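One chain, chain A, links the two complexes that follow: it is found with chain B in the first and with chain C in the second.
Let's look at the complex of A and B:
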């Protein structure tokens, strides 16, 4: 009986729980996806009248035709990709010595870098705004790239350091014997070997920058508005009474991230679950 | 092919002194082993020689040229690592060719040299394989090929055999020995396995706590260990030791060793004729192949004692027997057809010229 419970009932319970969790997570996305391809009347009715006959992509077309939405998408893409690249470059250059060199107070630095992230963003908004105004960087991509890179870098350093830690010292020693400098060994051996981990870190940085809202709201006004800010403006705007349009914009904001994760799925899972497999 | 000279080398990691003072002259063509337990500084010494670790103090010379500050690849050395340390993101060819590519050797030449080395190590069929598709032995051979292709002046080995299973280890050990016999390249080998050291080396440097305890031809280190640490570290089975009192009478030249239950004496005739009186506590050491189990002596011999067999370990080719007398035990080697049983009473002879005496306090060899 006990064995029966273990073999048969246990998986049912586990799958039920997992299924519940998946629905819990995915349902809102599915709902917004459903909303984005049909007229508002279908889903605001009680009960909802979901019919395939009305399915259309015209709300997407309509939103993309609006230059400010397309521009916001472009802004977000530029900002997130730049942030990702800067995070990787600086992150790798910081993580490598933290992982490999004998440095005094190395752990202090690591702890300090993370503790700095415990400060609520709210506290930093005004100083950041003043700094960017002083630098005449308000409403530019660069201001947001700087801010996001600053905020994400501690996490990126920690992640990369952990991946580098898993690479045996000898591998790097071999590269140096073969003629690499330390920097050469980092780029020719450490980073390629830590590949999946580096990809996972890159995706983390990209998503972090893509999803940010607060600083985007404060530091941009017209030219550098990211999609998150644009989306919120649409939701609260009285001009767009059509919820389908907002839903379509929401989907547009999700798609790049989903696409990225989908393409790199294999590496992300390996990087996060297995770590660096040497 | 090169001479290497380490002069007063030292390395500290913060407050920890990993290597305190190492001076070694490594002759051309020699195969030298740094032997010692983990933490004795042997790998750190090798890493300093390779240029992977900066030296805290001391100098390294390669053919009379100071290379202490040179980068690893400028020293013309190649290293074989413990876990192979092959690049997992490259195939076999890429691994072997990497150093040549970095040195900007022309492509056709790289190909030729890789082919040559691959042929010598029977890797030709594997050049396109990924590292993860290779067996342990194949990976080891790729690691050797990667070192050989550079045609280095000095080969460095950092415990390259310790991760292999017993059968493969023996095979790779022979392969390394053959390689050295063919190439005659100066080699420095690090290991904690004294058997490996004995089999491979021309010279052995026994290390402990950051110092070289003894450095010399392998045979010497085995035959004339300079202290009790070296004596018991080298040799399998371990050298037996008995604590006791050594007395040499300055007049008649009789040497006696006494401890509870055992009284031994030998005529003492040093080569130069001078006899120094000695009266001190010692550790007597004897190797298993030197202590003899004999039939009842025809006349009572002074260099024998009666003991009881406490353990019999037949290996097939040899049998090792542990013989105890009171609190003392020694291990001897006997012919396999000599069937001794536990509890059997036997007579053990300790021949004068096979004995080692070490000062009980300092552990240093007492030369008689």
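Let's look at the complex of A and C:
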């Protein structure tokens, strides 16, 4: 009898709770997605009159046709991709000796990389603005790429080091015996073998750069404005005719990263867990 | 080339970036915090020593943010910890569709905090919020509520939005920790006649403790850094209702242009966060030790 109850009740509770979590996670996204394909009049009315017949992508089209939104998406893409590449190159170069080689004061390096992860961006934002102004880099892609790379590198190094640590020494030793240089061993053996980990790290860096807001807000004014900053400007402005346009922009700001997460979710899960192992 | 020199060479690009764009700005911020810099009045730096720091303790605006920040952090910690614990327990069970749910719950992690602020703003919007529509159709309220007019409600929504975003990550680390519990412990406890609650209380929970504390500390840190979500959700409103510590730093720096005072605040915040992070790392070192032992 107890077993029977258990078998009957367990799935009900499991699915009810799982359903609640799915709704909790998806509802805010689904609502903005709904708003982005319906005319404002439909969801402003009480009760909302959502209709399949009115579904249209024209708000997306309208926003993409606006040069500043298209430019913001392009800016975010350039910045995030460049940050990702720099993070991987510099990160792999630094993670390799930390994982494999003799390094003077290695512990000092490891501690420094942990401490630099803790520094909140609010401390850096004013001086960073002044430094970038001094370097005449304000409102350029480069300034944001530099800032994001610096900020993400400690995480990236840590993740890559943890992935490299899992690769057996013998593999590398064999490559070295076959005449591979140390750098050759890094790029021909370590990185390919750590493949999934490297993918996870790359996605992590890309998303980190794409989603950043504070530095984008302060360091860009016109030409380098990323999509997160553009969206925040749209939300608070009263000049747009239709809230569906803002909703569509919000969707445009998350579609690339959400797509990445859905396609590469297995790698990401591993990468995230690896990033907090000390 | 000798191995350690070669290793050092490889880390040079990182060292360069960290020194120029991390260490230098922090030093810069520290010097600014020792000066009175009111850009609305003049561009001059006026050395005042630690006055900006002592000034924080008597500044009414700073003091007002303390209960708000505590409430925000408290709610965020409770919601995130309980929900991620519950979700991790579910995902640790075998059932059909589990892998799909695992993918879906990652969604908030990918969404930029700024966008999550927009989403929650639209969920609770006074004229087109889903919450208003649902509550009305269920007959719970008879006319649309202006949720963001009430500071406590607005602050709670901000906290929920932050917890929403934090759920996937904290669930993943809890799940990883749960999967480290050896199956034989469960079998042994089952043989001893333990039911599902006993097993949770005496096997799962003790094992999870360091991870739970880690999640709590992590959420305190993220609450102290809350900015993006509030910026698009409420802009600090109604009045000063959702101005938490980190948000006030931003307002002081970029709206009031009190650079010295803002720097002092941000340095204090950074010290607090570094201390808390140190604690969280200490805990997760314990986590690792436990997993091994």
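Points worth noting:
Note that the second predicted complex is superposed on the first by the 243 of 278 C-alpha atoms of A that agree within 3 Å, B and C clash if a C-alpha of one lies under 4 Å from a C-alpha of the other, contacts with A are read in each partner's own complex, and residues count from 1 in each chain.
Keep in mind that, in the parts below, contacts are C-beta pairs under 8 Å (C-beta built on N, C-alpha and C of every residue); 3 or more make two chains touch, one makes a residue touch a chain.
Owing to the predicted nature of the structure, the values given are computational and were not obtained by experimental measurement.
Superposition model on chain A: chain B and chain C are shown accommodated side by side without a clash. When the shared chain is aligned, no partner comes close enough to touch A:4: not chain B, not chain C.
Once chain A of one complex is fitted onto chain A of the other, the partner contacts of A:189 are limited to chain B, with no touch recorded for chain C. Looking at the shared chain after the overlay, A:102 reaches both chain B and chain C. Of the two partners chain B and chain C, more chain A residues are in touch with C. In the overlay built on the shared chain, the residue A:174 is in contact with chain B alone; chain C does not reach it.
Angle at chain A (Cα centre) between the Cα centres of chain B and chain C in the superposed arrangement: 100°, in steps of 10.
When the two structures are aligned on their common chain, the gap between the nearest CA atoms of chain B and chain C comes to 8 Å. The interface of chain A with chain B overlaps its interface with chain C at residues 102, 278.
Touching chain A in their complex are the following residues of chain B: 13-14, 47, 50-52, 71-73, 77-79, 81-83, 85-89, 98-99, 102-103, 146, 150, 158. Interface residues of chain A, counted against chain B in their complex, comprise 102, 168, 170-171, 173-181, 184, 189, 192-193, 195, 278. Residues 11, 14-15, 17-18, 21-22, 24-29, 31-32, 35, 40, 43-44, 46-48, 89-91, 93-94, 96-98, 101-104, 109, 112, 114-128, 130-131, 146-147, 149-150, 153-154, 157, 182, 207, 210-214, 218, 228, 231-232, 235-236, 243, 246-247, 250, 253-254, 257-258, 260-262, 265, 268-269, 272-273, 276-278 of chain A are the ones touching chain C in the complex. Against chain A, in their complex, chain C makes its touches with residues 3-4, 6-8, 10-11, 13-14, 17-18, 21-22, 24-26, 28-29, 32, 83, 86-87, 90, 93, 95, 97-98, 101-116, 118-123, 127-128, 130, 133, 136-137, 144, 164, 167-169, 172-173, 176, 214, 224-225, 227-228, 231-232, 235, 246, 249-250, 253-254, 259, 262-263, 266-267, 269-270, 273-274, 277-278, 281, 284-285, 288.
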